[in-house]
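Some notes on the structure that comes next.
Order as written gives the chain letters A, B, C and D; numbering starts at 1 within each chain.
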Amino acid sequence: MIIVTRKGVTQEELDHIRERIEAEGLRTQVSRGEHRTVIGCIGDEERLQGLPLLSIPGVAEVHPVLKPYKLASLEFAAIRTVVPLGNAKLGGEEVVVVAGPCSVEGLDMLRETARHVASQGARALRGGAFKPRSSPYAFRGLGEDGLKMLAEVRAETGLPVVTEVMDTRQVDLVASYADVLQIGARNMQNFSLLTEVGRMRRPVLLKRGMAATTGDLLLAAEYVMSQGNPNVILCERGIRTFESATRNTFDLAAIPVLKRETHLPVLADPSHAGGRRDLVAPLSFAAVAAGADGLLIEVHPDPERAFSDGEQSLSFAEFEELMDGLGPFVAAAGRTLGEGARPAAAADPSA
Amino acid sequence: MIIVTRKGVTQEELDHIRERIEAEGLRTQVSRGEHRTVIGCIGDEERLQGLPLLSIPGVAEVHPVLKPYKLASLEFAAIRTVVPLGNAKLGGEEVVVVAGPCSVEGLDMLRETARHVASQGARALRGGAFKPRSSPYAFRGLGEDGLKMLAEVRAETGLPVVTEVMDTRQVDLVASYADVLQIGARNMQNFSLLTEVGRMRRPVLLKRGMAATTGDLLLAAEYVMSQGNPNVILCERGIRTFESATRNTFDLAAIPVLKRETHLPVLADPSHAGGRRDLVAPLSFAAVAAGADGLLIEVHPDPERAFSDGEQSLSFAEFEELMDGLGPFVAAAGRTLGEGARPAAAADPSA
Amino acid sequence: MIIVTRKGVTQEELDHIRERIEAEGLRTQVSRGEHRTVIGCIGDEERLQGLPLLSIPGVAEVHPVLKPYKLASLEFAAIRTVVPLGNAKLGGEEVVVVAGPCSVEGLDMLRETARHVASQGARALRGGAFKPRSSPYAFRGLGEDGLKMLAEVRAETGLPVVTEVMDTRQVDLVASYADVLQIGARNMQNFSLLTEVGRMRRPVLLKRGMAATTGDLLLAAEYVMSQGNPNVILCERGIRTFESATRNTFDLAAIPVLKRETHLPVLADPSHAGGRRDLVAPLSFAAVAAGADGLLIEVHPDPERAFSDGEQSLSFAEFEELMDGLGPFVAAAGRTLGEGARPAAAADPSA
Amino acid sequence: MIIVTRKGVTQEELDHIRERIEAEGLRTQVSRGEHRTVIGCIGDEERLQGLPLLSIPGVAEVHPVLKPYKLASLEFAAIRTVVPLGNAKLGGEEVVVVAGPCSVEGLDMLRETARHVASQGARALRGGAFKPRSSPYAFRGLGEDGLKMLAEVRAETGLPVVTEVMDTRQVDLVASYADVLQIGARNMQNFSLLTEVGRMRRPVLLKRGMAATTGDLLLAAEYVMSQGNPNVILCERGIRTFESATRNTFDLAAIPVLKRETHLPVLADPSHAGGRRDLVAPLSFAAVAAGADGLLIEVHPDPERAFSDGEQSLSFAEFEELMDGLGPFVAAAGRTLGEGARPAAAADPSA
């Protein structure tokens, strides 16, 4: 921790600042400049992290030297985390595509979608049974019935299931059906929920909040990990800015930034980031080019009649086209879509 | 709902769009321009609100005519909502000051703070027993012990208690101690929690999320109200922008915007908005000048040693000075701090 | 300047970093922590400000200790700057209202508006002769004819003239008519223009850019001042965020933040900040409550027929109402609207 | 144009609104809903674009149907614009790399850099002779001497020159040396400058402003084009948001959004977008994957000693590595780096 004092700080204030730091067991080193005095705090910085140092008289700025997250940090990790997902491995060499409808609307549409996306190279099925909707009057999901359908379709297709949990009271229920527990963007700082999924054995897919920095996202991951669950998958899905041509602003740079800060796998969700069907393919290609470990794609048998997010859901034909286009970019990134997933596309990047 | 088609829309597409709208029981009226065709949808617009109209072939833009909230809307309300809070009334003529520590840290500091803020004109006590903290390693509140202290100090001072609830499982517990249930900015779109507090009889203080528009805030209020709880108090506490001189960017204009859109009371939280002790007074004065119905102020006996938010907490002397300065602005706004609250200040605006 | 190294920095890298700093004539002081090494650079920090320190191998973070502006800084100023504007003084005890049409549309409308705003307490006349418009097809001002009208109306009413200059080639021309040279938000980082107005004797009214931090605004002021023109007036007019209920997001906190960072006067422009006629009054009251030294208000004899910004221009009756409401807030802030300006309102804050 | 009235609009207001519209030569069509009345305006919408319709009593919302730009619009264009740049063609099949130092610092470094980037496949040379710098005390470029060096190196290497113009007074001068006139982000809405470069025959490279939407960028292009210069090249270089891990937030989705809205070529500037050397490669790959027509890359012989932007400038070895990695992504996108440019990389995407 480095403390910069205000101009004209008194000796008494300076002594008081040092006392406060030293009382926490750190040493201080003072450098006097012409206008400012700088106090270096040497020792266990974590002991200072809770303190309101800025409210000590004479303190003008506080610069932490350590990042506030540790379990999530690449710097302190021996190896990168690889999260198994059915036959796929998230965070390794494969680019893992997770696809499916926004909401589970019924067994038939879910089964049909799952079969289609699997045939095109998807390695896991996404689908919401509990849906966070901005309006209380919108369709909010089929609940446990939806979970049962996901499990049934998993049994039939072998695709592992990624589904959202929104409520601490539903964590056990959702975990009894799902392979991966998804935390939505609006719950990224629902700390009770983070704590609860941290107690589970299921991997957690954590979506970045609309106003969250990459640092905030890593602290949210730290919440989950600090409870004992090491399998956190991060997901960039766009942040909120002044630009209105897209639903959110896809912060593509967050992908390489996160890969440099953390050992956790990083996915991208181009469906929510752009909010427009015609942007899903270019955003997907770009995410893979920037180093994403996988993609989360919304697919629906009849987007025009989807109960939610129809604007950004791909039809079956569009998903097929996406996967056709994706192969060469995956190869260019020196990766694969996974063993057995669309071997043709992977083998012929020039197609 | 108004639908604008893309250039070159075909007659077949146009017919299909009209069929989809008319199937929902609305009438359509088509205006053909040189470049675009516009379809007005006449009838019960709510029937269209769930539909992914943008995904119908040929549709370029969709403009809703109705706001997506209704219970929260001023337009559909007979009168402005006034929420009683102890002897005070939120949303009426009074400007109600709610003050207290960020976290309840112990009984003594809480009692001492409550007595001080009451003596200076505060009408309710704030204090967190369950604290949302970005880091899992930070102090997260005293939990039920904190709630008991709040109740004890209420019994002694008569100040009603405003305290945060973070978890659906704790709503009953918190409601058994609190007079007002606070929903924090990070939970503004925790829809399970909104639904749950909507089932309670306690008023709900709903803080605006860091990436939420005023429209999103009103939809969150609609969640609570749609469950049967009409007593929602809105709170502007700053949004996230690129400006780093302040913790958040205080969206002052949200106060008059909300007062024109909704009948619900609107508070401001200058402590969180600015994140700096020295900004609490000017932001408070401005909030009152812009029409706020009350203020939420963090006060601590020794900010330098606060467990949380010390940087933005006022000392007792600073709170007194704030209230001294506030009086004339309250009077200039044609309002009062409430019967019996600092009669001197209210009586002499030129002081 | 404080340099933090990356984990595992080598001794060689460390030596190289120190050499680079010491080559600029500063001393270095090294503190080794468990994970990071911190290098304090002691001496004339300005010598380092141009260097790409982050690109030196081993450097992880660079924290400047000094602000990058000096002439604009309160810390280095003996007294606060007061800019005379006709009979008014900007930056002193008075709250100075500058009002007038967005664009000068003709002599009659300008004269009529000037007389009205003067009668209500405005101390200077605003009006654009050169207009920055987002569309090349919109009305772009009357040019020099507009300047002549401004000068004529000044001669008749005694109101000094504030008008925008957009082009380095027009600075002399505009300065030959105007009392204050306005730099618009879109030109806040037009460094050629800043340099040019810095060479003039006229005060400069500098509007904050839509993506500019308060620090950027102060650096822009420093540009002007570094050319020898000390009379810069800053103006908060809203920044761009995701909120769409208002044209911009009025960053009210910027007013007290700037007053603490600089000795220059600070105005607010509630017309552009909100972009809505009904928000001008509450934003004006709030700006004064937060410490603004003046207001910039758009007024038009017939807003519905204004050539530009009609949505946010007040009619004469609305301006009168605004000034009626403003008096008590000015008094509450311990200030006045100036000698002779609306003595009634100033004398009776409870009106 | 579609006008939505406020609830309770009177017949008189309605008549007045219609009169105003019809006075401009358009027809009106009124649809009365339960709560609102909608007025469709049929005819030449451009006649309404300047009018402050929102300030007409009774009007609640105004929805334009036409985009405010026309020359820049894909919808009204017969073919996509291809801008020749030396032997390269911007906007066609090639992905054109423009590389060079941030600032021209001297002839030797410029020549050395130009030769290196040409040898690695760059098709044009960038380099600033007039530099926009946030601080007045920073290096501001060599001016005309820098332009002469650019011309000399062009003569030696055959690389066309892209360089910035900042001042209307310098447009002729810069145009006498440069092949492409660059308008920087801070000048994107310097309308005098846009108008001036619109009168030139040189292509204009227009960088997106930090607070500009893609719509604003297209309107800025329209300014240039409306003066008779059809050769505008757009450039996405990041926008300003709350995220601080990168210098700006690279709005990758703007690339496909712009390609769908306009016929003009679209470049990306990953150096400024990320502001970090280690992010240039992933952002470049992603830009190409998303459909960019070219890249603008900062390269310096010794980034650690660069006069400006050293943090984000690639060394020669890093640029070579970038171009090695880029080839396969260019091929995956079905494009080439141009005839003769790195034939090896283009021929063997699996390398």
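For the reader, a short list of remarks on this structure follows.
Rule of thumb we're sticking to: a contact is a pair of C-beta atoms (placed from the backbone, for glycine too) under 8 Å apart; a residue touches a chain by one contact, two chains touch by 3 or more.
Model, not experiment: these values are computed from the prediction.
Two chain pairs are in question, A-C and B-C; the one with more C-beta pairs in contact is B-C. Most remote chain with respect to chain C, judged by CA-atom centres, is A. Between chain C and chain D the centroid-to-centroid distance comes to 28 Å (mean Cα coordinates, whole Å).
Centroids of chain A and chain C (each the mean of its C-alpha atoms) stand 39 Å apart. Per-chain CA centroids place chain B at a distance of 30 Å from chain C.
Residue positions of chain D touching 2 or more other chains, listed in rising order: 211, 239-242, 244. Listing the residues of chain D that touch chain A in their complex gives 211, 213-215, 239, 241-246, 249-257, 260, 273-274, 278-279, 282-283, 285-291, 328-329, 331-333, 349-350. Taken in their complex, chain C has these residues touching chain D: 20, 46, 49-52, 54-57, 68-69, 132-140, 166-170, 186-187, 189-195, 209-211, 216, 219, 222-223, 226-227, 239-240, 277, 303-311, 313.
Residue ranges on chain A touching chain C, taken from their complex, read 2, 4, 7, 29, 31-36, 38, 40, 42-45, 61, 63, 65-66, 75, 240-242, 244.
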